[in-house]
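Some structures are shown below for you to check.
Two complexes follow with chain A in common, the first pairing it with chain B and the second with chain C.
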Partner chain A sequence: MRGSVVSNRTLWAFIGPAIFVLAVIGIVPLIYAVYTSLHYFNLTDLGDVEFIWFENYSDVLTSDTFWNAMGRTFALLLIALPIQIAIGLMIALLLHKPGLTFLKTLTRLGLVLPMATTYAVVGLLGQVMFNLKYGVVNQMLGWFGIGSVNWIGDPQNAFVLVVIWDVWQWTPFCALILLAGLTTVPDEIEEAARLETKSWWTVLRHIQIPYLVPGLVAIMILRTADTLKLFDMVFTMTRGGPGNATEFISLLIQRTGFRAFDQGVASAQAVVLLAITVILSQIYIKIFYREGP
Partner chain B sequence: MAATGSTSARSLAPQIILLVCILLFCVFPFYWMVTTSLKTQIVALSEPPQWIFDPTLSNYTEVLFEDGVGETMINSLIVAVSTTVLAVALGCPAAYALARFEFRGKSDLWFWFITNRMVSPIVLALPFFLIVRWVGLLDTKLVLILVYLTFNLPIVIWLCTDQFRSIPFDLDEAAILEGAGHWTIFRAICLPLAMPAVAVSSIFSFIFSWNELLYAIVLTRNDAKTAPAMAISYMEGYSLPYGKIMATSTLIVIPVLIFALIASKQLVRGLTMGAVK
Partner chain C sequence: MRYGLTSALALSTAMTAVVPALAQEETGGSDWSLAEAAKPYEGTTVDVVFLLRPGYEAAKQMLGEFEDETGIEINVTDLPYENALGEQVRDFVAQGDLDIALIDLVWIGNFAQNDWIVPVSEIEEQFPEIMDPDLDMDDFFPLVLDAFGTWDDTVYGLPFDNYSGLLFYNRCMLEEAGFDGPPETWQAVMDEYGPALTGDGKYAYALQSKRNETQSADSFARFLWPFGGSFLNDEFRSNLTSEESLAGLNFRQDLMQFMPEGIVAYDHAEAVNALAQGDVAFITEWSSFYSTLASEETSRITDCLGVAPEPEGPNGQKPALGGFSLAVAEQADDDEKAAAWLFIQWITSKENAARYLELGGVPARQSVYEQDGIAEQYPFVPALVESWQEGVPEFRPRFAEWPEISEVVQNYGTQIMLGDISVEEGAERIGTEMEAILEDAGYFDGDKPLIQ
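Entry: the complex of A and B
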């Protein structure tokens, strides 16, 4: 990689302001979160803030609520992601076929919509469309002779509903990434392969998959990150309920900090989540991106 | 399957049906959102749901002129535009430095940005709330503008670094021979050529800020309330005003969808922050 070597003054003039701002808004708060996590710190009891070493951490690490929320979060990822990739790949292969240009362009534009939609609105739409009595989804199920499903009120169904909505919003994203991957396969190679075999599966496995790997890696990394962050859609749709059937990790931390007002424990949960996130992203980066910029 | 020759109508039929299904699957929720926003509460609460009804704009006039959704949209707009302008102003020079200069710790900086993309906002929302409350800036737009830089600044830097790197070095070298400094090269040569990336990252920055909910509900109450925070405030109580909720949702989503369609080609790249090359 070529680049100019410049004086420190020039370098800092360009990059200093951005680093300064990101440090102030990205690192200072983290330090403060670590500080809070080492204290008994309840918003309803601020006269009693007290340094308690790692008590909050031992509470968090031995708490079923925390690990259940963590487990639920990874369960969502492990269920939704394969579905998103599988359907996304099918859509990508379909769009990659020649012909029907107009309809395919239209479909590509349609695929852009779900992932740009305000996540909170996706949740609100879920409330409206999956309502037990007034929801259009239950009406449609009725057309096929399936009885009304209590989507939001039943713990198991509520979890399934989050999976469905996650799949609706992010399958198009997978499809578009994989489609971009398919277009990187050199035409000669693909055409030669198609002369050899009529099976799309053979072409996919031997010719296309290698070109899809970077896209698949990106999907894995980003879906992992986004599932750990998942908040808006679930908060507006089920508030983590019923019970805590859809209480994913970010919702649990929000509830602990702002509805139970226990900032100390919530900060400890946040620091543990941060540690898990950093470790996971370092692992991903080490495995998949050996070189930097 | 129909790769050679036989592209007759019959062999295309399954493809057409599938494509239309995909399209419907993507678009139907928006159709339902808009039609529900045109229903009175009585129609919205009919069992089974009605597909044909007398549309009314009363939900829109109510949310905009009585409930103050208009003000929250103006808040959202001010916050999203300001944070975007700041992100571009701070991010472009930094991106230029990452693309053009050699310095120690460059790849560490890159790791830091990637990690930034991965961290859950709740991790920062907790300490932010306490700090902001302490300095007395709770419920101000300024705080949201700054907080949103945590995700907007990395995306501007990311996309612009990519673009700066694709501009040939020969241009700079010629300029340096003419005696131009890096600031001049950046402003007069590279920045104009990087305008596409600046535009796209601005659109993303705007969309992400406009869509944001978690920081908004933690850091604002009334004065600086944003539109998504307003939308969920309808969710309290037993009888939910579906028409109003969907009218507010429609108002929030439409600008985003317009932007997304404009930037549709770059959307995937922006969302992956350059992870797919």
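Entry: the complex of A and C
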């Protein structure tokens, strides 16, 4: 085994810029957020900035508002993510079937559109399309004899609406990741399995799913992080209302940091959120992830 | 805080006399011209935030004239209302580029207490040669100058984009139901107009109540003041559980039977559209929406549109009051400060008021509304002028803590309307959280003066 022929200098030249950019846009702000979270730090009262140890964390961890928002966020995650994975898997399996190449190419292109739409625009579209009186969704429901639904003005319906809209936007992401996973199953293994059984479930369970696990873990980690950060769509559509029905954790942090301008508490909320996200990601990897099928 | 209003009025009146007199003395009276005053500042760029609203579109159409005459460039950043406060605070904290502060009346305490804006008297002292002898502060509606531009007896900003709550109504619907005119009292709305105008998919009234500033300013506060209620008492403790405040909030709750379903999802656009499409008989909205309702492109009721002052409650007519002033930002350098003041003075001047009105803005100059033909050309003017005699400067408290308190009001206010909690419970919770915010801010320790 020969040693590396690439000098350290060359290695640093290649990875140095990436490390520098990551530090500047990711690590430095994170360190600053931790610093801020240990201070009384209000943008409208900068004369009184003061180191207060873990008082902000204590306020956050004992706040009903924080945990209610966190609970709502996890409810959204636990409802929306399984639906996205289930529908995504169905779409991926359909697209994985042989034949209809042109239609499948068109479908794959179509799947990119919801993901490519800006979150805030998705929210604004929702505000118009789900309008009680003038919205196109209620009009379409009317064609089937279903009465108008008060989507945005009713607390339960508003939450359901956020779930529907999140599923609409992110199911294609799951479908495309899972479709990519299906293409990694060696043809000969899949064909041999189909000779052994006619049950699609058996093929899926024992042949395809093992190849999908890395993709599924990626989906779970990314979608969990995205859901915990979900802000733009809800802010433009319901702004957390009615009441606090759609006040998810990111909206609460925004409200604390940029309406009350309490950067200290908002930073503490964000650091707690980051810690929860990291712990969840580790759990996903430990439970689900195995190298190879 | 009536003493605040009185002193501010006294101050503004005094300034009216002093500022132009001083300016005239320094500049030789009628020789003053904008072009001459602006010469030393030619080539200066002034940065300002504008909103996406008719008054700002009007101002934008006028910018070219100012730039041509002065050589000063006005660099406008357009923002939606919801972002304007955060963006400006971040800019001031970071000592950024903004040379002019756009101040909603509920932000002025915040901006003034943090020394982010410069008092007009300091500008006058530092740059006497740029003060227009025809500035005439007394020509601004006193209530508007006090509420939008004044904090703790000091004038900082000149009223620029000015609103009052008005009653917009569909005259044809009212006549069909047998009414000669719009309701003059809230009790009449409840007893007569509501029942007569609600039915067959139509509703008497739409009260925009979405969970944002609309809930706290347009919906919640609107039913406090006319009923004798208020957010705070003289000791800065919650007044929301007083008999009068609860009467107003319970009245709002009862009135919901005459409003469209899902009213807590109605923002300004939805309420205005409901009237414009003929679905509701009347709304209480900002004066600035007149142009939307009077335009055939956006309204089906242009021939039936009527405008009146908001209905009276037991405590009289206390219409919603809102609007923005422009003030020079402390962080600007000297040239930028002077250039910024020249622009503020020019865009809010008596001379430009008629043109600003014609282009869709609403000036706060009394003189323009006294001109012949204005009331006929702009039917909202008489109601607007009447409203600006009756308003309350602290319709929403104007101290720095309002945005945080507003969020609390928005949350519980919508929960009350949805029936999730009772009016009494909601008022209690808002009061408790409001007092906690004020306590943290130091109002009860004497750290901060009780000014709202």
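Annotations for the structure displayed:
By definition in this document, the second predicted complex is superposed on the first by the 258 of 293 C-alpha atoms of A that agree within 3 Å, B and C clash if a C-alpha of one lies under 4 Å from a C-alpha of the other, contacts with A are read in each partner's own complex, and residues count from 1 in each chain.
Keep this in mind: a residue touches a chain if its C-beta (ideal position, glycine included) is under 8 Å from a C-beta of that chain, and two chains touch if they have at least 3 such contacts.
Remember, predicted model here, so these are calculated numbers, not experimental data.
When both complexes are overlaid on chain A, the residue A:156 reaches neither chain B nor chain C. In the superposed model, A:243 lies in contact with chain C only, and not with chain B. Between chain B and chain C, B touches the greater number of residues of chain A.
By the touch criterion stated above, A:44 is placed in contact with chain C alone, chain B being left untouched. In the superposed model, A:133 makes contact with both chain B and chain C. Legend: residue contacts after superposition of the two complexes on their common chain; A:58 is shown touching neither chain B nor chain C. When the two complexes are overlaid on their common chain A, residue A:258 makes contact with chain B and with chain C alike.
Under the contact criterion defined above, the residues of chain A that touch both chain B in one complex and chain C in the other are 133-134, 258.
Only residues 1-3, 7, 12, 15-16, 18-20, 22-23, 25-27, 29-30, 32-33, 36, 44-49, 90-91, 93-94, 96-103, 106-107, 109-112, 114-131, 146-147, 149-150, 153-154, 157, 161, 169, 172, 181-183, 186, 207, 210-211, 213-214, 218, 228, 231-232, 235, 240, 242, 245-246, 249, 252-253, 256-257, 259-261, 264, 267-268, 271-272, 275-277 of chain B touch chain A when the two sit together in their complex. Listed in rising order, the residues of chain A touching chain B in the complex are 1-6, 10-11, 13-15, 17-19, 21-22, 25-26, 28-30, 32-33, 36, 91, 94, 97-100, 103-104, 106-122, 124-125, 127-129, 133-136, 139, 142, 168, 172-173, 176-177, 180-181, 194, 198, 200, 214-215, 217-218, 221-222, 224-225, 228-229, 231-232, 235-236, 249-250, 253-254, 257-258, 263, 266-267, 270-271, 273-274, 277-278, 280-282, 285, 292-293. Considering their complex, residues 43-46, 131-134, 150, 152-155, 238-244, 247, 255, 258-262 of chain A touch chain C. Those residues of chain C that touch chain A in the shared complex are 85-86, 89-90, 93, 110, 113-114, 210-212, 215, 260-266, 270, 273-274, 279, 400, 403-404, 406-407, 410-411, 414-415, 417-418, 420, 437.
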